[in-house]
Amino acid sequence: MHLVVQAVILGLLTGGVYALMASGLTLAFGVMRVINVAQGALIILSAYLTYTLFVHAGLDPFVALLVITPGMFVLGMLLQFVFIRPLRSEDREELSLLVTWAIALGIEGVLSVVFKTTYRSVNTGYTNATWDVGGYTITQVRFYGFLLSVAILGLLFLALTRTRIGRAIRAVVQNPVSARLLGIETERVAAVGFGLSAATASAAGAVYAMVYPFNPNSHYDLISLLLTIIVLGGLGSLGGAILAALFMGVAEAVLAATISPTWAKLTFFVALLTLLLIRPQGLFGVKARGAI
Amino acid sequence: MIGVLAAFPFLFSAHWLVNIGVFTLMYAVLATAWNLIGGYAGYISLGHVAFFGGGAYAIAVTTTHHYAAHGYEPFYVLPLVGAAVALGSLPLGWLAFRTRTATFAIVTLTLLFVFQQLAFNLRSLTGGSSGLLLPLPLFPVATYERPFYYALLGLLTCGLAISWWVRGSKLGLTLFAVRDDEDRARGLGMRVTYAKLAAFALSAGFFAMAGGVWAFYIGSVYPQFAIDPLVTIGAVLMVYLGGKATLWGPVLGAVLLVPAQQYLAYRLGASQLYLVGYAAVFLVVMLLLPRGILPSLAEKIRRRRGRADPGRPPAQVERPAKELVRS
Amino acid sequence: MKKQALIVAALFAATASVVAVLATSAGGGTRSASAKPITIGISLSLSGDFSDPGKAARRGYDLWQQVVNAHGGILGRTVKLKIVDDASSPNQAVSNYTTLITRDHVDLVFGPFSTLLTAPSARVAYRYGYAFVEPAGGGPAVFQQKLPNVFFAQPAPVINCGDPFVHFLASIPTSKRPTSGAYPALDDPFASPIAARMQGQLSHKGVKSVFKTIYPPETTDFSPIVAKMASKHPQLVAAGTQSDDAYGLVRAMIQLKLNPKFVFLSNGASSALEFPDKVGRSQTDGIFSCGDWFPQAKNQGNNQFVAAYLKKYHGSALAIDSGSAEAYAVGQIIQAVAKKTHSINNKTVIKTLHKGKWPTVEGNLSWNKYGAPKGSDILVEWIHGKLLPVWPKSLALHKPTYPKPRWH
Amino acid sequence: MSLLQLENVVAGYGFGDVLKGIDLTLERETITCLIGPNGAGKSTVLKTISGLLHPRHGSVRFEGEDIARRRPRAVLDLGIVQVPQERSLFPLMSVWENMLMGAYILNDHREARRRAESLAERFQLVRDRRTERAGSLSGGEQKLVEIARALMLDPKLLLFDEPSAGLAPQARAQVFEVLGSLRGGGWTILLVEQNARSGLSIADCGAVLDAGVVKLEKPATSLLADPEVARLYLGARRDPVGVSTNRPPERPAASTRVTATRKEKPVE
């Protein structure tokens, strides 16, 4: 029992980080109907940037975010402008999948040239510190990471509901034609949406860098997991993605603790396949089957 | 074309050239098979390499216990393996076809990871991360690569024949209709599910058979190599480069890319930039040649002759505005 | 349809002829028979997943070439290495060795990095009658192929890495031995078999197995595993690890305050620079690992190797990856054969290596019929922030210290 | 001067032309109803005006200015608002948020709120259900909110694409009632309707579109009275306002559509 509770705590903390990572992905899909396979690579890129700033400039990862986030935002807009926008509308959804995959490969390639393929990790003073709460161990880094994720998700939520561009993004997500007819420049909004999505990668990358060792190849594991989460949550649904992420974080940790970590890796996929049997539109998907 | 390929090992008998030929043909088979579902039906499966791995493991498991003294036996069981994997792919296909477009791609990608994980986890069957060894084929050294080469050429010929047959058949018509507007095709009473599953199983079978030959050729099977996402991506890239939904495009893509890749890695791979280069080729193809070489060339030729395309669709009736808004 | 086929055929022919032209031009002109250099073909993972260890191996090969040529080469001929990249892919490795042997007609081939690439590559070498001395393919698969041309240039097969630790435990008073053992292991041909072997040996010696798990290669979060392990209160943790997972495992043990009396990590903990960097130097004390090479070893040519390494690549001796030493040893072996038989004929090399002991920086090596080395690895331990050989006694620079101090 | 003038407009998607030379004139503060069989290009006319689609030939003059190549945003700035045929509310936003989105281009939140308040006076539905999610309203209610939202910019020209499509009879009646009530409010309206009789009954002018050209342009009453028009375009039976004939809109032969919408023809 102790083991399970401990696993649930870990799972929730991990799930929070997953939620942050998946939010960017599902946002990009919502705004542009683009499955950004490069999101994992963007997260790893941010992790490397965090690492570099930490090792060479001594910047604490949480401070480094202030520099990296705007950078990633711009990079996201740039990627959208150069690679996604020129795709012909009718095959954008299909081609974007492959194009973003190529972007991921490119980022992986550049990272392995610059940083080699050895695993890196960011060891701050508090990396190994823990709290003991009623016999349960809480890793401080993970807790900070969780808090950061919650904070960023909160900011994202505020940005989407309280700002003009945020409303425009939601409008484009919910009804692109109508948004365009109301004078929303959908391409510009899409670029901002993509930028925001990339910006979430920066925070996710910072947390990732502190919690896990990573190398340029790590993005495969990340993206397979994130894609599963957003499909589980229903493509384009932010709330769905967050719930699915928490659920999966907990399920994975509990299974790893009680059964075996190798089989726990399959949790995501089994959950996904089961879901397909019951609800092909995802747990919280509002879209009809054909419209996904 | 098949004749040229058949004569190749005799024209260029150097082992290293035939060796490259083996890999080229392997990818040609994969690309041709992927084209059935990804090109004709427009369903982008990113997980087909799971079936490649399935075939590789099937051949490895069936041959690994009879050590040595082997010649062509693995090739004989190949059709069986293909049929078995094709059958086995049906329920998976059925499950995956509950979704479309991007979701379908993600779900198939998931299949890939499931299979890779299974290959790692089912240690008693697959050897887990320690992999499986296949018997050493006892082919004469002088023509060592030829059995593999011709086995793959046979597969390619079958694949092309099926591909050609599908194009002219009701199955092909249904697949094209699915790609264009699945709901309408269904509304017209076309047997959409059946057609999709048939294409899926066919292409899965070819992936498995190619995987079987590959396993025998390399001699060892490890999960990360037998079920490597880059293999699917390679095949997909070749299809797009050569020309999606064309008969010869996938072959062309393979013929262009595989030797180039192998040779470049050999000559100047050390720079680590090959991934970047790969990505660049991919992006250029997607952005500049989204229709692939063959269709673009064909169009150019047609235009030069000043002939109007007789097959060009007539005036398009209104499309849903959803698509419009992105134009 | 026909037109398409023609286009494809034409492009194919063009590609083929380009390749053929490149092939003949790259073949090189005529060479005088006696003075021509000895070319040695090597495929290494210079890009892709194995690129870091691949590059370490490359440094070893390059150094050996430099040292051997500085001493007049082999049999009066200079040594030329032809190193190509296999991008960590078995397909490319097979292609590379095929090309090296059948196009470039190299005199010898040396092994690549990793068992996963060595197994298929060794077959290619075998097919064409080449000896395959290899630095890094020590997994069971390599020897199970039963190829007589393979020679693994390390003192022991990889899965025997835990043996010295087991011998050491057997040597200490019964009252101080651990009574319960936990065996987490990475799902990797280099790691999980080590843990499994140790578990077998130790339970035979009365250490109760209380925990065993195999975790997937992409595991980055070790807390669930360690949490579960901690609940069994093992006195010994003997883990089959590779590198990053070793760091992760230790970090999780520190975080979750699991304090066994003995900790053995098969790999990763043996890297003198990275390990303390990743887990904190003060936390390393008392952790055991195994090694095939260390800079202070008194083996054949080791001083020369270390000196040459530091001169060429700088840094400290501790920073030398044992992968470089292993590759260097491959060269030494060939050098020794040539000295003994005055030949580098592959048949001679294979025949000769099956007899006797061969001194290298890795120690004196000898092999069974299929290339598995007959020696044993060295037990190393972190003592006061330094990685020191502690077992067998003949090679020890310090006495093993135990039990392990608690994390802090 | 008339408000809007289309001259010889040719437009279409992909390879083909849907509009094959349209001439159409809208007088200020009138309601014009565009009728015609399915596939005739009625919606395409609206899209051409609102900038979703750019014509290949011809001119679209609004207050004398050619707007044929403008982007939707620029057209909107001129005071032309289109309500598309599909549901166009943002389903996860509240009714009130939807209203505010109607004045997105104003970039003045306070003004937008003021206008929404005044429209809420006029549309009871908006007033009563302001906090509800738009997606939870019935189809007819959503259409009414869409109409209200279209007025947020106080446009000069309103384009309605089949506002009654897919609605239950009662809701349909309500929609036509509201549309009719817009007469005399200073707006010019172009209405595309499948329910031709209902549409024409609230319109001043009628135009018949067939096979990409305007066949007839007459006062609505005379079109309604024309037996030939009735036979060809209105259906033989009477189709009074708000009463459904429940006839599903005919689809063109589907088999031709399948090939027609194919994106790429396989190269032989």
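A, B, C and D label the chains in the order they appear, each numbered from 1.
We take it that contacts are C-beta pairs under 8 Å (C-beta built on N, C-alpha and C of every residue); 3 or more make two chains touch, one makes a residue touch a chain.
Quick caveat: nothing in here was measured; it's all calculated off a predicted structure.
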- Note on the structure: Quick note, more Cb pairs in contact for A-D or A-C? It is A-C
- Would you identify the chain whose Cα-based centre sits farthest away from the centre of chain C? D
- Distance in whole angstrom between the CA centres of chain A and chain D is 41
- Task: Please work out the Cα centroid separation of chain A and chain C, and write it as a whole number of Å.
- Result: 36
- Task: Between chain A and chain B, tell me the centre distance in angstrom, where each centre is the average of that chain's C-alpha atoms.
- Result: 30
- Note on the structure: Between chain B and chain D, the Cα-mean centres are separated in Å by 48
- Note on the structure: Note: chain B residues in touch with at least two other chains are 117, 120, 246, 271-275, 294, 298, 321-322, 324-325
- Any chance you could list the residues of chain C touching two or more other chains? 1, 4, 47, 51, 187, 214, 216
- Two or more partner chains touched - positions in chain D: 52, 84, 86, 263, 267-268
- Task: Within their complex, state which residues of chain A touch chain B.
- Result: 29, 33, 35, 83, 86-95, 97-99, 101-103, 105-106, 108-110, 112-113, 176-177, 180, 186, 220, 224, 227-228, 231, 235, 262-263, 265-266, 268-270, 272-273, 276-277, 280, 289-290, 292
- Could you please specify the touching residues of chain C with respect to chain A in the complex? 47-52, 187, 213-216, 218-221, 223-225, 227-228, 231, 243-244, 247-248, 251, 254-257, 274, 277-278, 280, 283
- Query: What does chain C use to touch chain B in their complex?
  - Reply: 1, 3-9, 11-13, 15-16, 19-20, 22-23, 46-47, 51, 83-87, 89-92, 94-96, 98-99, 101-103, 116, 119-120, 123, 126-128, 139-141, 144-145, 187-189, 192-193, 214, 216-217
- Message: List the residues on chain A that touch chain D in their complex, please.
- Response: 90-91, 164, 167-168, 170-171, 174-175, 177-185, 286
- If you look only at chain A, which of its residues touch chain C in the complex? 2-3, 6-7, 10, 14, 112, 116-119, 121, 123, 127-128, 130, 137, 139, 211-215, 217-218, 220-221, 253, 256-258, 260-262, 264-265
